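See the structures that follow.
What follows is subunit A paired twice: with subunit B in the first complex and subunit C in the second.
Moving on, here comes the complex of A and B:
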């Protein structure tokens, strides 16, 4: 009798976590239906598209790996876009992580007005790319832009440039604007991580008369490894797909110097009169696979080192 | 005795830090202030002196932009799309997150994995097929089509944040509610939702800011001028009035102001919201 009561109690406990199929479906179905229809299905369709030529009026031809061989072997614009995107991603990811950490350290070192500065520095993160893009087009304007005006004011008028108008500076100028928008984000994430560090360790370093650079390299950076890896991955993914800011500021020009994979996908699909959605889909699929592979390798490598050290 | 000297040394050592901090503040805040001043000046005034203070202040430019340059329409389109999408994704996402966090059932992990896979999907992988799909079902170039796309592409992030929070609510509360005879839906509505309010607030903020600024989906899926959202409207206006810098600046301010107004009151919530996915 006692035993059966115990069993009943256990049963009640399990029942609280169990729902009928109807209940489960009622909770999950709305999300799953919208998600399946407008995310999973489009992904599958993009993969399907990548192996076909999709022409207007519903003409679809199977081309196998034709799109992929064409873009890998005979498309100089694609390779230009890949080079630009890789360069942009590499530099921007490093600047994001290093710059974000340095800014966070400034505030962590009790700079005056730190709480207010934290709020001001984060403001650009909230701006849309369209706003940021137009604003920086003006800043880089040759005649009346803030960039050249500041150079003249500093007596460096010789360095005046048509920042967005020439291939040698356009990509770097867009990158600068991009970092202006995102550094605040990395700063906040690092600041939160810094405040979560055990105070005793930093105090002990202080007692050992550890210089700030040594403290940064040997104590703070290793303890922030997880945050650094997360931000690197996040930044990497974002930069590999950079579209909006480039589209607003340069449209990929001049002379392909800021063309990225994403802007090229858009152009091939909607701007050039090639009338084929299959080819740009192949680019998108290839790029997605490369991003996934990179993220997998980077996280695996960095987490592995983690395990060996501790 | 040595303390004042030590303090003086510290002051000197901190000088570069303070200088750098000041410089960075000017670099982040300066351009925004610059747009603000330009939005209240006419183009002729700006070309005479790009960095002058607005005097007289042309408040009427905002009314002009609103009525004559179609910014009113763009603003309301953005408001309708963003509010509906955020409301929908919050309800739908909270229900799914509650289900995944509260019920143990066969396939729980599979559903979770399927939804969270959405976190790593780049928009470029969806956009071409979404263009075809919305054409097929006659939702291309409609605001409702864009709302559905926004919900679908932001449900993963929403479920991810909410599920993490909901799972930490003690099971005892739910057992007690069940004992009191609450139905499954009442438990969701009267236990999970009120207790999960802070997390829900976070996802609402995050989705609101991201969608208010969204550009890529909108530019592919909308074509009519009277359906454009604010970012598209500004882009379009800039394209056709490149030299009317003053008016473009006013348009930029119309897009910035709602966000800045919210930020002035809810800065901590918004910072927490924007970084919710990255912290921890």
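Moving on, here comes the complex of A and C:
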């Protein structure tokens, strides 16, 4: 019906790669506008705010590094929040990665009831942090919570306590709730990575009478290195920004014992009877730089220099 | 050819995108006006009904006007306002409380002196919202801080309420000890979701001990927490706390849960609470309200030894409404405020919300299932001297945060000694 010239013309019409700048812009613009409006602008604005004091009646005053100096030198709550966040991040990252790997190995080794365990361990990942937080506040309740009820049932009533009401136990209790929710995610990622390992390498190890621990340390772990590094970095970033679980479970209390940098930023921005976003922006910027630096260091330190071939 | 195809593609994209965008916009007629209102208290049906009634009333009075109320919980509402207002956006009218003076200093709300009919508002209530001679909010909800108790449990302990309904501080401490010894929770209270209820006992004791002037000085940084009278009060509160006054789950118990704890399960002798208690308690039992036959009583907070004002009581304004300075329909917004503030609406507030109000209302006698409660509440107001405002209305920034962490939770939670509490409060609040 069409000659070859006609077919070529039709091809040009429908080939998006030859559409030219106008067409590209028309299709990219919505996404770019949304990205610029909801990501780029807020980030740039936060950096701008960090160097200013935002005063009533729209007055914005340049303060240079004043906000940073104040928070670094004269804000004990900020340092308390930094300490708590660092502790939470360090412990949670290690438990996330090691715990996730152990659960995955358990399923990979086809433990009894493995399909059921996979569902049970992964289900909390599908729940929102708000739901998990409310659930665990109830579990940790002194009077009618499951934690203390279990201790009483086991005859360990002397150990019962207000898990979220004591500065010495509150952060650890929140951490426990976090692990309950998040371990399943790392488990699934590790399980996928384990299934992707070459069967002949594992088979050869078994033929050489390699024990399970040696196989884990010398065969499996090195081959999972990329997955481990990626999960560590992701886990690290997530924990450094932890907010929702803490907010729901303790609100940063008691006596700032679970205050994290993110909850403190929120409080300074929205609960201090001020519209000055300069100081909280300074905290956010400083924390962004610290996270960026740590991620760069961790990634560089754990980068694989010699690519494994299998 | 290339340019032509590009134009055709853009035109085609426009044909797809534009109707889609236009389709999302409502048809706008010249006479149609929508008044946007953002309100807290989505979970209190009587207040929702009250404000919706005022909205429908305004709509009937002005054809073409629609009042759209968006219902929020408190924290999300204020987070939304704090981002919308600096951007010149936000609703025409919004819920606000008197401690939020930053909205005034930032110029985000306008003076209402010439816009609102102040003849319908109690002068003392207006005063709460008056700053530098201008009034910025219309006070709707008023409440006093009360000490509710379970009559049956008090009788069970063999204790009789004095004629003036006020125990001495020693009698009160003894009552707490007796209740604990009898296996009761003496005071139902929790700080799981609010920065103030844990401090009720302490601040009411401070008000009675210091009197209004020094009490105000204390929370405005002009009086040290190391003042011997303040220390005496804190030592007494510490004794009450150490006697096991509060539930073991004090730190995580939420405000609504503390009501349920008091009147249903497991039950407690006392509940210090604003008189907005009724908003949660006087709803059907299956919705978390108190049992219909619950023996509710109201007593005064204990008298302090050598107290400067043992007849003092905290009264304050809660729910209020303000007009956005960026609103393009300020007059209409003011008419909505007036519609909520007529004497008839004031009467309706008292009869349906069972709570005091800043609106002038001529209610001579009370009827209905909770008439006895309201009569007793009024009885407890006789001869009282009111201090208008709460500490959280007076403190800001670091002092406000420390108040929430120390006087609201850490100290009544038994985590701090008197010296530690004094030191932390002074560091954050005292400017002397």
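As a working rule, the second predicted complex is superposed on the first by the 280 of 310 C-alpha atoms of A that agree within 3 Å, B and C clash if a C-alpha of one lies under 4 Å from a C-alpha of the other, contacts with A are read in each partner's own complex, and residues count from 1 in each chain.
Basically, a residue touches a chain if its C-beta (ideal position, glycine included) is under 8 Å from a C-beta of that chain, and two chains touch if they have at least 3 such contacts.
Just so it is clear, the model here is predicted, and its values are computed rather than measured.
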Record, for the superposition on subunit A, whether partners subunit B and subunit C clash or fit.
clash
Touching A:269, do we find subunit B (first), subunit C (second), both, or neither?
both
Which of the two partners, first being subunit B and second being subunit C, lies in contact with A:19: first, second, both, or neither?
both
Subunit A residues in contact: does subunit B have more, or subunit C?
B
So, A:27: does it touch subunit B (first), subunit C (second), both, or neither?
both
Is A:167 touching the first partner subunit B, the second partner subunit C, both, or neither of them?
second
State whether A:77 touches subunit B only (first), subunit C only (second), both chains, or neither.
second
With the touch criterion stated at the top, can you tell me which subunit A residues are shared between the subunit B interface and the subunit C interface?
13, 19, 23, 26-27, 54, 144, 269-270
Can you list the subunit C residues touching subunit A in their complex?
2, 5-7, 9-10, 13, 78-79, 82, 85-86, 99-102, 105-108, 191-193, 247-252, 266, 396-398, 400-401, 405-406, 409-410, 413, 415-416
Residue set of subunit A touching subunit C in the complex reads 12-13, 19-20, 22-23, 26-27, 54, 56-58, 77, 137, 140-145, 162, 164-167, 251, 253-256, 267, 269-275
Under the stated contact criterion, what part of subunit B meets subunit A in this complex?
17-18, 20-21, 24-25, 27-32, 34-35, 47, 50-51, 91-93, 95-96, 98-99, 102-105, 111, 114-115, 118, 120-133, 148-149, 151-153, 155-156, 159, 171, 174-175, 178, 184-185, 188, 209, 212-216, 220, 231, 234-235, 238, 245, 248, 252, 255-256, 259-260, 263, 267, 270-271, 274-275, 278-279
Of all residues in subunit A, which touch subunit B in the complex?
13, 15-19, 23-24, 26-28, 30-32, 34-35, 37-43, 45-46, 49, 54, 103, 106, 109, 111-112, 117-131, 134-136, 138-139, 144, 146, 149, 180, 184-185, 188-189, 192-193, 230-231, 234, 237, 240-241, 243-244, 247-248, 261-262, 265-266, 269-270, 277, 280-281, 284-285, 287-288, 291-292, 295
